[in-house]
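Chain nomenclature is as follows: A, B and C, assigned in order of appearance, with residue numbering initiated at 1 for each chain independently.
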């Protein structure tokens, strides 16, 4: 199948436009990060007239960026792993069993995505505080509480995607395993999961990003020790001044591990989302 | 098999939870009896700067009393939400800083210890505090819900060099003069005045001060909103007209919400600015203290009927004690410490604000031009924002209405009296009952 | 390579129903409930109970006077709903306006994000130098912290110092520097930022979906003389339908309730032309401490989204069965 000249040119035009659209803000970010604060606030220039990497140094002391980064990575990773683990069991049940309440479960899970988050905030906070008082497990202002919150945020869509993915794995494989005398758990762990690795990776990335970017709950449910990047970056806006260049520098630096992770996982993610979405 | 796997998974979950948990610092309060948790607001150039400013003082307090104070500096973007959560749940710090405009709103929650005569006596007595500042600590007729900690007021900042270049010898004292001066200073890329047109709180603060000068009130004695009275309309229009009619404000300022007006002033793009205690902000933006002058905010040349001699809200930070504190006495001791003469001098000096107690106003730390002007405004011509529970609603609605008026002005639409009245009337309707 | 062994075997993805014979299912027992238990427990704790509390709040008069002791909050029945949904009253009028803005915004944002994702995905099917670089580049906006990404856009949109107006004036497309963050243009500014942030996700899903389209199908279509558009219409889109069904619904729900983008872009109070419903609820509930009314708005919104979603799933599933 050959590409006609018209197709080639339309491809080039579309991809160029999309590249410009994507890159322009990234460029603004980068160029602002290497400008002195005064120049960032001045009229726009394509090239920094007085390039300076001072922002990359100062950003670590203006806010405890290192601690926020560690918190974000820790909370997002644990939330992603636990969320996926729980979603695997739930998706296995929904995909492989018919049981009373299956529909109710699916619909309820979906509807949780429709209530504005802002109204969850106070009730959830109260629940955490009361649970903490009753059990001694500190959920408020702790990373544990954040992990539980975020893993639940990503759970509905994770289950949804995984059900679709498991559905697309032929039942014949299950049966073969059963003939060999495998119980349900062995079927799940030895037959379905190995086949579903791309889907699992895709869902993990999704769950990670959900936790990584959440702002609203993090602003109320964290203290200085558990604060995450998503809210922590606002610390560059201080009472006196907004350190724009440091915000940009910090954003670029903290995004590096995530983009690197994308690169590493892209292959799996791409293959996984497909099957997950195919219901 | 299956049961074992489930058990293993459960164990893994618990493990994961405990890994994340054990990294958390244990909360103060429950350990020893004499530990307090304190949420400080961000007053300095960074959260870390504040922490390092406060820590030596807290150490001093511990030496004096044996009470340990764990401080957390909470960014302004989070503070109100977290106070709200703490008030709702009864779980949170013992002592907190609050923006003084929130006083009446927070007072209505009943979550804070009222500073009745006995309580305020325990921290040094009512007479210790600057009266205007104490008036901004709760609804009138009720014991204050907090005591003032840092005080601020609005002033007119002007660029000395631009004034000298234009042959202007003294800062304007009336709005009419400000307009004339502003017109002289508006040329090329330079504008007479910078405003923060899309900043809702700033807008509402000006609405209040202008309103007072034009004889307006935003709430009547029974607490009902009276936004669209002719006085308030005239006052708001006067402020918007600085851009719409007098054209001494760059129309771009209509979209400013992130302190760009401070940057514009510091970077020589505007000759004047109305701001509260801006000195430290200018310093971090590279403007030397001798490059700008400070004067009280102007008044109308002829006082409108019923107009008051008010040119600033009482701005500042109050300190309050949560009712849920386990050790009220220790908490009050800490409040007393923070409002003591020595700490007032030390902290307000660092933050460029003013002491909220009368005893140290003569201290050498507050004799710079800026502090003297602010202190005299605070002592003679500042009034607290309406101390009603709906204050935050007032700020949001009126501030937003003004933001929209600025947007109209900037895009060349005429801002008529009717337009102002309509916007304010609309805001008033949304106040509800 | 794992992917090679795991690609769902049949050329056409298995549709629901296939292989769902009774025989293929594991025996019915208590096991499914056990498997769902952790998910149910967490959903109850973090989503369902707070939602129920939210519904309860909506029939209370709950302001700062009552939040410390909710049992003291007076029961007002449907008063909050009446005030909220009375489109002639000041509250309802504003809410309705904000609702329409949100509907417009969501439709355009989801449509554009999906179109961008589709075309990027289609044009990146064919290998060429720099393809994997573009792939990573297109995904980068998804990885950036929201706050920083949106703040960067406010820089671009600044009237005096922004890049956009710099471009417009130097190229002579505009004589006067227009405003982007206030007034009518603010809607378009918001839309651009929203598309920028969400199209990478659409791209990812489409790209993934396209990998399942066997190249023979394109070749067969090409032999039939099908041009670009016919191939898109006859091969690509039908093959992508299952992906699109999920993708569009997810984008719809995200965009409709998006809070962070307008909040950071406009600093807490959006211009009326871009007053999205999430921001509106925040303003009429959180900032102004009127939690009862905010809850009533949220519940009304939940009902609306439930109906739309149910209708959407019904229609798309029926179409799929017929297809």
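Assorted remarks:
Just so it is clear, a contact is a pair of C-beta atoms (placed from the backbone, for glycine too) under 8 Å apart; a residue touches a chain by one contact, two chains touch by 3 or more.
In this text, all values refer to a predicted model and were calculated from it rather than measured experimentally.
Across the assembly, the mean Cα position most removed from that of subunit C is the one of B.
Chains A-C form the pair with the most C-beta pairs in contact.
The centroid of the Cα atoms in subunit A and the matching centroid in subunit C are 15 Å apart.
One inter-chain figure worth recording: subunit A and subunit B are separated by 36 Å, centre to centre, where each centre is the mean of the chain's CA atoms.
Those residues of subunit B in touch with two or more other chains are numbered 2, 6, 13, 81, 84, 88, 90, 258. Looking at subunit A, one finds that residues 41-42, 89, 122, 126, 148, 184, 231, 234 touch two or more other chains. In subunit C, 31, 38, 67, 158, 160, 286 are the positions where the chain touches two or more neighbouring chains simultaneously. Residues 2-3, 5-9, 13-16, 19-21, 23-26, 28, 31-33, 35-36, 38-40, 42-43, 45-51, 53-54, 57, 67, 116, 119-120, 123-124, 126, 134-149, 151-153, 155-156, 158, 160-163, 166, 196, 200, 204-205, 207-209, 211-212, 215, 218-219, 222, 227-228, 242-243, 245-247, 250, 253, 257, 259-260, 277-278, 281-282, 285-286, 291, 294-295, 298, 301-302, 305-306, 309 of subunit C touch subunit A in their complex. Interface residues of subunit C, counted against subunit B in their complex, comprise 31, 34, 38, 63-65, 67-68, 83, 90-91, 94, 154, 158-160, 177, 179, 181-183, 266-269, 271-272, 283-284, 286-290. The touching residues of subunit A, when paired with subunit B in their complex, are 37-38, 41-42, 61-64, 74-75, 78, 81-82, 85, 89, 121-122, 125-126, 129-130, 132-133, 137-138, 140-144, 147-148, 183-186, 189, 219-220, 223-226, 231, 234-235, 237-242.
Residues of subunit B that touch subunit C in their complex: 2, 6, 13, 81, 84, 87-88, 90, 105-106, 108-111, 198-200, 250-252, 254-255, 257-258, 389-390, 392-393, 396, 399-400, 403-404, 406-407, 410-411, 426, 429-430, 432.
By the touch criterion stated above, subunit B contacts subunit A in their complex at residues 1-2, 5-6, 9, 12-13, 16-17, 19-21, 23-25, 27, 42-48, 72-78, 81-82, 84-85, 88-91, 258-260, 262-263, 267, 280-281, 283-286.
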